[in-house]
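Right, I'll just put the structure down here and ask away after.
Labels run A, B, C and D following the written order; every chain starts at residue 1.
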Amino acid sequence: MSREIGEVILDLKNVSLAFGGVKALTDISFDVREHEIRAIIGPNGAGKSSMLNVINGVYRPQQGEIVLRGRRFARMNPYKAAQAGISRTFQNIALFKGMSVIDNIMTGRNLKIRTNLLLQALWWGPARREELAHRAKVEEVIDFLEIQHIRKTPVGRLPYGLQKRVDLGRALAMEPSILLLDEPMAGMNVEEKQDMCRFILDVNDQFGTTIVLIEHDMGVVMDISDRVVVLDYGKKIGDGDPDAVRSNPEVVSAYLGAGH
Amino acid sequence: MGFFVETLIGGLMAGMLYSLVALGFVLIFKASGVFNFAQGAMVLFAALAMARFAVWIPGWLGIDNALLGNILAFLAAGGLMFAVAWVIERLVLRHLVNQEGATLLMATLGIAYILEGLGTSIFGSDIYKIDIGMPKDPVMILEGTFEGGLLINKEDFVAALIAAVLVGLLTLFFQKTSTGRALRAVADDHQAAQSIGIPLNRIWVIVWCVAGVVALVAGVIWGSKLGVQFSLATVALRALPVVILGGLTSVPGAILGGLIIGVGEKLSEVYLGPHIGGGIEIWFSYQLALVFLLFRPQGLFGEKIIDRV
Amino acid sequence: MLYRENGQFKTSYADDQQIFPIAQDRWLIIGLLVFAFIGVPLLVDEYLFRAILIPFLILSLAALGVNILVGFCGQITLGAGAFMAVGAYAAYNFHIRVDGMPLLVSFLLGGLTSALVGIFFGIPSLRVRGLYLAVATLAAQFFTDWVFLRVPWFTDNASSGSVSVSNLHILSWEIASPLDKYLFCLALLTVFALAAKNMTRCAVGRQWMAIRDMDVAAEVIGIRPMFAKLSAFAVSSFYVGIAGALWGFIHLASWEPAAFSVDRSFQLLFMVIIGGLGSVMGSFFGAAFIVILPIALNQFLPALGGLFGMTISTAGISHAELIIFGALIIFFLIKEPHGIARLWSTGKEKLRLWPFPH
Amino acid sequence: MKPRKLARAGIFAGAFLASLASASTALAQAKEQFFPVLVYRTGAYAPNGSQWANGYVDYLKLSNAKGGINGVRISFEECETAYATDRGVECYERLKGKNGGATVFQPLSTGVTFALTEKAPVDKIPLITAGYGRSESQNGAVFTWNFPLLGTYWVGADVAIQHIAKKEGGFGKLKGKKIALVYHDSPYGKEPIPVLQELGKTHGFEVQLLPVAHPGVEQKATWLQIRQQKPDYVLLWGWGVMNSTSLREAQSTGYPREKMIGVWWAGAEPDVKDVAEGAKGYSALTLQHGAEPNSKVVKDMLEQVYAKGQGTGPKDEVGQVLYMRGLLSAMLAVEGVRKAQERYGKGKVMSGEQVRWGLENLNLDQKTLDAMGFAGVMRPVQTSCLDHMGSSWVRVHTWNGKKWEFTSDWYQADEKTLRPMVMLASSKYAEEKKLKPRTPEECKK
């Protein structure tokens, strides 16, 4: 791989999260380095999605902090996270169902919109130029993901695999520095999975985007990630490069051995 | 002090009736997710039917007994409300399964129009009287304790009593009967209920029937107090803050909410109204509900909403 | 065969992002506008102007405003009447209290005031949603009803609380005849509809729709819910406020708070749901349906009765009107829950493929 | 769209166009004087509105039965307003040009009156608002087309105070008294307030304002306040179901009905009949007439209209208070036309403008009225260009548990108080509208 793994850009320290009395995450710490692909694995209900939700501020942990490029966040919120260059996809595809593919991806450009409401209402000068410039950017994403043929289709009508791709497209349109992927390949057939893998690697490779990913498919995870965190019942039970994790006995008994 | 107590009691009495209308809302919302704006029209329709049947039926059958006439009229009106519930399920709800809340809400408004039009064209648009022998004149009590005594309206008292009994009966119905349990199951989870073999359509008919009976009782009480007239349909708007305050899915919430709103609006009108011009009770109750919502978005007893991603 | 886009190639994104990318649509709309501005005035009599077309135009504008909030941003409101009232009374006060205030300026100020009030009453939307929000907006409705009845300052201390305006003019154009009023409303509506279309295809429109479709995801990609929701409330209330000012100044000329009662709010919500949520076009369809239907029924039923030799009493007609109106609404909701606009677009799509549907 | 749907849509559109066409291409029939009738037979105010409408329409029928207006037959058409201003405006627009043009409009709604006041001058159609509408429109110099015949709310307020003063034993006794006004929270209910406040200042009584929100079924708090404040008198300014609700609440809070006085819109059978005994002792002003089942005009009506099965409403309501109000309103309009014919040609159809002249020069003396069957029902009315009200005779009647009975002598409004207020308010209106009031010379034309 040509890219160079850099310094730690995201550091989670002693994060604990509970809903009511139920503990979702207990005292978890791990870090993410620039340009790497970091995977989070674990059995169902291990707290993987909660982990991503903590990173980009959808959930607020009761304890712990997030350090992003040296800045401490005791409380992250999704908007702040987005501003800081974190974007993500969702496990159950949270696309905007009433909008077309193009519009969905265009929403990813939202933080970069500068003109105000009045100019937009008039479709005038700067607003128009800006809109077209962003459209051009979005077309690049569309080309990259090879979804040109469906750009005008309402996303609600697309098959699952394509929706996942659009979801990724929307996240990419933000030009993120860190990309969180929540089970990007769940429910896909082998071919689709291959495509998706290719996109992930290409993103990482071409744009140098740091990727944090949750995935069930062990083969894929071990293939593409640089380092892996293993969670079980909200606790961290393993952390390291794929080989190290694979040979970690605790992980083996909790997860791999369980016959997933 | 005596006056404060009187206002308080007046508020509680009014609140009890709001609870009754709110209960109709909650029942239907719980079981079918429909925010039933036609509840007010149902109250009107039921009351109109009751008022007219009480005159017509004794006429047809040649009965001279007022009590018997009223009972027959009540039964007939109840039967009519059952028919209405069945027709609504058949012609409207069944075709609107899985639609969005706003669409359903509009559909119930459509139902409200139909019921209003139908009710007034069948039964007439005059003011009609329901005379179930409620005492009209007030009594004074506790004249020793409070200066000038406490004025208690017997009619309100009886009305509140009837409302309380109905609420009690409904609670029993929900807790003790199998139909009641099925209703609660449906309220908790439509699909789960369906998968264990509870027929949704039938449940809907039943719950609309129950709401119809609640509307009938509310209509009889209000009608006997104020006369049965088109304006009864507007009680729905008075009961909305109640359901919001109490939570859309909570029966105890509807009852407690009704009492809070009743007391709140009467106290505000009497003590605050004169300083800012009066006529504030209707918006005051909405503001009360609104302020409350800002602290508890799901209402007093509503289920907490958790976002899942 | 006429409705074809073969041979119409887009060579730039600008072309592709036009309001009507298909040439036939463009011509149809231009034709309609020309007809509305030139054809209608030649054909139509005073009754149609005053009783149908002017109310239709004004309520279309209001429905457009409501659609921005409900259809595009997903925030249900039952308080639209309140914002009409705010717009009307604010415009009235600017009109009479500031000497020489141009009519259009007082309308715009009325709209802006309404927008501010809208933002204020939109604040609960940050905490509550759905039907709870709908009821919360009723608070705005009843509160404004009361304010305009009770605070004499707003009605220029008129003893009855009813206000009236007259001698409306823009520069030297006296807006007096039904035709003038029609053209004035039409011009305003055209401008505002265009602006609405622009907003909904721009960033701000996407923000609204994103909040509507999935608010958590919207926040994750950097849309601030507060800004999106409150801007929708502001823009919507602005539109509704302008419509209120038109309703008061142009249609009624003399009004009381009851003109903007809760019934009006329900009526507007009906329009957007029947017309089509999230569709600019739908607002017009809905307004037409709701404005014309009762009047048509009211006139059509006696004629129908006459055919069968029956005379139906006024009361009978009104009752039948209520029943039929309610039934038609339910019928529409069942047949096409997404509104008339959806029927329209399905129709268009079929036409595009016709005669080869597969 | 499926063809079937298309067809359905087509049928609907066609039907609609046809009905519009029939509406707008007015069938101009010669020799018929067209009376549009704005009514409300549905909605919250239907019980009161229907009775008025029945009386109105019946009188038009009776006039036809008696040979029309000097041979000119009357045609009429009802239009339902549901007491809503915008529907009222639509009705007005629909009917104003029909059948050769509307003679006169009587909307029976203060809200609609306000809206039509702006439109009538443009269309040159007079507006009769007998006993309602804008009080300052009495000034015909400014309100050229408005005719608040027989009385305005200001007259009502003034007479109500006179009546109280008489019961108390003179205006001097009013000092320190407390009078509550329970009113419908709308322009209608607010109209009397300035007069009451003015009189309160003059005579030293306190006015307590208690608004009741539309439609008026929720009055508990209002009556609790009355119970707390214990006003000496309660004036009731309600309409429709609000009136009976007030009486029921008064009963249940124990406020003496004898101390309650209603305006003439709160003193009819629908307001009290279901409260029956509970409303006993309650008084209301009358717009001259009360319930007049024994008057000659009612007998004529029963003989010439109802006996032939042409009556509009139920027979037993003929002669009731609101029925009579409608009947009188129609009579005034008919007499306006008759008067106009005296000048512009007997046996001809009069235009709105001509009818206005007629209404402005109405002079119904007692002899004429008696001859028409209004003996004991009405006192003379004489209008002029500057006075569009014509008379301000008011009596008080009281509900005895079964029917209304007159319990006072005739009162007349105090011009000294009211005239300056009318002039002030109407000149403010003229100023706002940039109208130039008519001078006495212009009136002569």
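Things to note:
Keep in mind that, in the parts below, a residue touches a chain if its C-beta (ideal position, glycine included) is under 8 Å from a C-beta of that chain, and two chains touch if they have at least 3 such contacts.
The shown structure was predicted, so the numbers you read here are calculated from the model rather than taken from an experiment.
Taken together, chain B and chain D share the touching chains C.
Interface comparison, B-C versus A-C: the higher number of contacting C-beta pairs is recorded for B-C. Chain centres were defined as the mean of their Cα atoms; on that basis the chain farthest from chain A turns out to be D. Chain-level centrality, scored on Cα centres against the all-protein Cα centre, points to C. Between chain A and chain B, the centres computed from C-alpha atoms are 50 Å apart. If each chain is reduced to the centroid of its CA atoms, chain A and chain D end up 72 Å from each other.
One finds 33 Å separating the Cα centroids of chain B and chain C. For this pair, chain A with chain C, the centres built from the Cα atoms lie 41 Å apart. Within chain A, residues 58, 90, 94 each touch two or more of the remaining chains.
For chain D, the set of residues that touch two or more other chains comprises 41-42, 46, 50, 185, 211. Shared interface positions of chain C, i.e. residues touching 2 or more other chains, are given as 149-150, 216-217, 315, 318-319, 322. If you check the complex, the residues on chain B that touch chain C are 35, 91-92, 95-96, 99-103, 105-107, 109-118, 120-121, 125, 237, 240-241, 243-244, 248, 276-280, 282-283, 286-287, 289-290, 293-294, 297-299, 307, 309. Across the complex, chain A meets chain C through its residues 56, 58, 77-79, 81-83, 87-88, 90, 94-99, 103, 106-111, 113, 115, 117, 120-123, 127-128, 131-132, 135-136, 139, 170-171, 174. Considering their complex, residues 45-48, 50-51, 55, 96, 149-150, 159-162, 164, 166-167, 176, 251-256, 258-259, 261, 263, 292, 295-296, 298-300, 303, 313-315, 317-319, 322, 343, 346-347, 350 of chain C touch chain D. Per the touch definition, chain C reaches chain A in the complex via residues 12-14, 17, 195-196, 198-199, 202-204, 206-207, 209-210, 212-214, 216-224, 231, 235, 278.
Residues 3, 6-7, 10, 13-14, 120, 125-129, 136-138, 151, 153, 155-156, 222, 225-227, 229-232, 234-235, 238, 265-266, 269-270, 273-274, 277-279, 281-282 of chain B touch chain D in their complex.
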